[in-house]
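The following pair of complexes shares a single chain, chain A, combined with chain B in the former and chain C in the latter.
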Partner chain A sequence: MQIKPILSALRHHKAGTILIAVQIALTLAIVCNALFIIQQRITMLTRSTGIDEAHLIRLQNQWVGVDDKHVGSLMQTDLDTLRRLPGVADAYATNSTPLSNGGWSTGIGLKPGGKGERVQTAIYFADDHTLDTLGLKLVAGRNFRSSEVVDQMQHDGLDPPQVIVTRAVADKFFPDGDAVGKRVYLGNKPSIIVGVVARLQVPWVGGWAANWEGRSTLVPRRLMASGTNFVIRAKDGQIDKVLHSAPAALLASDRMRVIPDDDGVVTFAQMRQEAYQSDRGMAILMGVICVVLLGITAAGIVGLTSFWVGQRRKQIGVRRALGATRRDILSYFLTENLLIGATGVVLGMLLAVGMNQWLMNTFEMQRLSWPWIVSGVIVLLALGQAAVLAPAIRASRVPPVVATRTV
Partner chain B sequence: MLAYYLRLGLRSLRRNPMLTSLMVLAIGFGVAASMTTYAVFRAVSGNPIPDKSAQLYKPLIDNWGHANGRTSDDPPNAMDYTDAAALMKDGKGVMQTVSYPLGLSVIPADPKAKPFRVYGYATYADFFPMFGVPFKYGGAWPADDDARHAPVAVIGEKINQRLFGGANSVGRSIDIEGNRYRIAGVTRAWNPQPRFYDVNNTGGFAADPPEVWIPFTRAVDLQIPTWGNNNCNGRVAPGWDGWLHSECIWLSYWVELPDAAAAARYKNYLHAYAAQQQQAGRFDWAPNVRLYNVTQWLADQHVVPQESQVSLLVAMGFLVVCLVNTIGLLLAKFMRRAPEIGVRRALGASRGEVYRQFLAEAAMVGVAGGVLGLLLTAGGVLGIGMVFDPDIARLARVDVSLIALTLLVAVVATVLAAFYPTWRAARVQPAWQLKSN
Partner chain C sequence: MLKMTHLSKVYRTEVVETYALRDFNIDVKEGEFVAVTGPSGSGKTTFLTIAGLLETFTGGEYLLDGVDVSGLNDNARSKIRNEKIGFIFQAFNLIPDLNVFDNVEVPLRYRGMKAAERKQRIMDALERVGLASRLKHYPAELSGGQQQRVAIARALAGSPRLLLADEPTGNLDTQMARGVMELLEDIHREGATIVMVTHDPELAARAQRNVHIIDGQEVDIAEDPRFHAEHAASSHV
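Now for the complex of A and B:
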């Protein structure tokens, strides 16, 4: 295929050529970045929390008219009520859970009083039932003993003698995998790591915890505050029943409490749905924009090429009369489109990288990787060829006799 | 003549229904995507209190410095109790208030009714006139109730309905967590968006209006903890008093100042206060204070969500592609009619006439695209809940100004896109066209 005649023909259609190239370039830039956003969001919302979400319920409870100091016995009574309930496998009380987007965090390190190297970790209040309830996998060490679980007031410093940490925390300070029995410091007094769990996500799903979303610490503490979260593990197939029976049982045992009507009792499936709502929505929005954008660009190419074919009917006829085959005509238009497309994607790659750079500077966005750009390029070139196919076939069907008409 | 051009345009558009519908679709989708995302952006970036946004100021004092490896040079975005109490005592503004969020249980008088949860704020009497809270019955508690640590409350319309059947409950009492408060006023639903006065705890958006307010002084006496964020840096002594006198930040301070000169004076005052704290040995860094008005504060806190900005940008890029597409298609369409233009020009039509004819045709495409865009925008706004936080999504509305803007953008964008093709059409050489045919 001769490229020179195509180039000189294109020179006569500068405006159209430039418009298609620009459109392909802009489309590539937007589609690359949109696909990248989609991929990032999907990676986020498919992360595991490390807990057995399918069986778990969170119940938010607020005792009314009670001094924080006296919460302990109420908490114990409620836990007994919940654990005895048919359909309930286990339960515990805590300050926060994964997917709740609210909780405690603090620095953890190897030296007391906030000195030395420290990393941020989420703090989950736990007891000896926590691992069983959440279905956490202990990879080293042991569970808390019930004798280790003690009461803690909200405004007192946090210095538990024992902690269980996630592997992400353990590996940070003890990369050799020998964290059990070692000392770490949350505050001024040492805490011994008694156990390590495989994974437990922090409560926050959003940006600020993105770099340490696996660093959680369980402390053997019961938080003495009027508001608490009960986490309940239902037996197989019983979750819907427990969803209703748990709050009813608590209210029956003591009316002086508030369990909010709207989000007081929710499954972790619902919590996941809510926590990642905007990520999922953003992915859908970007997906819709990509599809419509590619459709419009393809339609634009069809439109302009059809116009060119109409314009050049006579020339095509002359070429056919001079011996060009249908195949020659077809490949002429395909090559022409490929040339324009190639110019467009080169420009588009620059634009895509520039746009990504700008998004990175303005928002918390990561660097666009080459596979995304390359797949964008392939998609757009293929789209261009597909779009040009119909008008090109029509062109190849122009009979040679056209050359002889209306001179 | 215009009517004639419109008729001509319609005829021409009907001649290539495919090409025409392609253009209309492109404009419609492009405009709808931009307008839907703009509807959200407009809702989240609006001024929540336009009358007073230049008189309400947020003072910040750096009480953390670079302790514990903190690297930011900005003061923390909330205030500790020590500084808030000192500023409140000096009372340098026309009005001032310090507040923190509460989550409280209300115990109905009817023993059969279940206790329920309400959210609100512990604050000072100035809160209500400063932020323009509308009242249905009664009003703010008198200022000396703050000094007396009085058990008074302002409640919202919704809980007034629930507890008192909507009757005027001023003077009656409400049982909150076992303590009785005398009701001073009942507000109408009041929920400015963004919630500028409590960005720290809401991120700027909260669907449900606050329903209860009690005096700050009373809440501190009762040791009611904050329902919002509490960030500590440095040592915290045990117990409530230890926490109050720590450097933990959990309070939102606002002051009303009449003009820029007063604001400048207030900033000097903040600076002097911080310098005094430095001298006293509490801060071992130079005074670092800020004074933001409402709009500056919202900008500083990046209240407009990233999702909204990114999707608006992507949607605008999408509109640009649609317009480039339209330019190409219009070019094809107009140039196909070169012989026709040649004839018109030869018969005496000026270039201006050609311009008018083709721009009129483009405007018709724009109007059609705008109408389609309007329908898609309406659908889009309904579907926003899928993309954005429901607290934000429900703020986006289709109103007269959005409808007008959608049509305007569609028509203006299409006419702009038509300029180049029209220019090419107007440059058609009549002689050449007549000869070659």
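Now for the complex of A and C:
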């Protein structure tokens, strides 16, 4: 190998060498973190809510001129109307749903009055139709009974005697898998866990719920408020039909209501699209930044190497005259680029970790794992070698007779 | 050692063919010091580039150390240049980014020689040219004469069968030129075969034998009227 003379020669081209090494370092640091953010966003975009989104519709309803105390009978009438509709498998009313980006949350723990260890949990109002409507998988215990579902005024304390929790909540307090029948506290009174569902994502898809996105608690309550959400499960192949028939049926039964035109009746596929729009945009933006940055770095390497090849044309001819083969010249430029690239990626690794630390502190991003950095290093070194190939091949074609020319 | 028979080199464009060498013959024996002389444009440099396998020729035959080089591919030609030929250029052609030691090492690295042997050869060659104390100096830190001595050390380090020198004193003042010529004469006395291209009659006179080229052909100096015409023109300048 000719590493020593290459290093020696590079010492005489410090400006260009440092410029490219720093460019590679910055590119590595930014690309590693950007790809990591993209990966996190994609994981978020594709994660399951735990519900059967393909068959579900959310209908937002606002009764007009009705006292909250009298909502119960209206809600029951509407649910009966919806459940009787052709193409509807089931329906229930709730305060919130996954992907809605709005809902209730509270602390849950093993001691009353907010004492002891507590974790954040989303609160979903539910009834005996909820599990079937959402298609939730009950992994332990039982469903709510209709007799357990009672009315709840918006500002009353929340102390239901029974709750169904997700496995994420159950495992937090009862890691041995024996949560059913145990007491937990949302407020001051105990709630008995009657069932455990495999997964039910919280309503929020953003960063603040990232660490507890699977911790949800179903309470057997009907929310006494003029605004409510109906979740409707359509039978196979009927979702488009129900999308139109459900609001029409409700309006036909009682016109004293408002169902917003734009987002009053939406499928969960549409809700997913809407909920992750900014994450998708961010992933695309990061991707574009990565591509542009990699392109600029590659162009920089091509430019500098081409300049060096032109500048050293005579020198290349001399080397050829002294016995260098075309392969030797090619290898010289590839090795030279590898050495600059290696310096750049070592610096870049440190920068990537530093940048990640800053992102962790500022934006609560997760820690960048080493495989991401190693992958970035491989990509950058490969990019460098690919970028240098064309000018290096050009250099290898410089004929030895150039050594005898004076200009 | 170096034998060219009916050798020709033609540069072709769409409209014209130019003969740089035409029916050229030369036979340099082992251990000879031959000066190839001639006016500018006579074909001296073309002869040197072909002799050094830096360029291919168009017709005829060229035997180097008994090997017909006409059919060799680029790699084989590189190998022969590296192992059998030592070049001394008019412009020295040292690599400015490398110090004296690294410059002399260049051809040895391409030979795949081990580091210890390389070092020994480099030291021997630099001792031979009197520059062993300048190992860490860069070309820009040396005088022209010293740079040419480094170039000679680089040529000698590989123990070549043939030294090709292209106007080796062309870029040097008289005193430095004298020193370099004395060094070449010493090297020749030790048994080296040297072919030196020059347009300087004084330098040529120090070689054992002169081959004169005019219009791409070797000529007998005593009989060729073109030489006398050229010589007369040179004398009046």
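Criterion: the second predicted complex is superposed on the first by the 406 of 407 C-alpha atoms of A that agree within 3 Å, B and C clash if a C-alpha of one lies under 4 Å from a C-alpha of the other, contacts with A are read in each partner's own complex, and residues count from 1 in each chain.
Throughout what follows, contacts are C-beta pairs under 8 Å (C-beta built on N, C-alpha and C of every residue); 3 or more make two chains touch, one makes a residue touch a chain.
Computed from a predicted model, the values in this text were never measured in an experiment.
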| field | Fit or clash between chain C and chain B when superposed on chain A | value | fit
| said: One more residue to check, A:Ala324. First (chain B), second (chain C), both or neither? | reply: second
| said: Going by the contact rule set out at the top, does A:Gln62 touch chain B (first), chain C (second), both, or neither? | reply: first
| remark: Per residue count on chain A, the busier partner among chain B and chain C is B
| said: A:Arg199 in the overlay: touching chain B, chain C, both, or neither? Say first, second, both or neither. | reply: neither
| said: Let me test your reading of the model: by the given contact rule, A:Gly16 touches which partner, first (chain B), second (chain C), both or neither? | reply: first
| said: Just to confirm the value: shortest Cα separation between chain B and chain C in the superposed three-chain model, in whole Å. | reply: 10
| request: Using the superposition on A, tell me which residues of chain A are in contact with chain B and, in the other complex, with chain C. | output: none
| request: Note which residues of chain A are touching chain C in the complex, please. | output: 2, 4-5, 8-9, 11-13, 314-315, 318-328, 399-401, 403-404, 406
| said: For a test of understanding, state which residues of chain C touch chain A in their complex under the given definition. | reply: 45, 48-49, 52-55, 74-75, 78-79, 81-83, 87, 89-91, 93, 95-99, 102, 105-107, 109-111, 154, 158, 166
| message | Give the list of chain B residues in touch with chain A in this complex. | response | 18-19, 22, 25-26, 29-30, 33, 68-69, 103, 105, 107, 114-117, 177-178, 225, 236, 238-240, 242-243, 305-307, 309-311, 314-315, 317-318, 320-322, 324-325, 327-329, 331-333, 335-336, 386-390, 420, 424
| task | Show which residues of chain A lie in contact with chain B when the two form their complex. | result | 15-16, 19-20, 22-23, 26-27, 29-30, 33-34, 37, 62, 64-65, 107, 114, 118, 153-157, 225-227, 251, 255-258, 260, 277-278, 280-282, 284-286, 289, 292-293, 296-297, 299-300, 303-304, 306-307, 310-311, 355, 359, 362-364
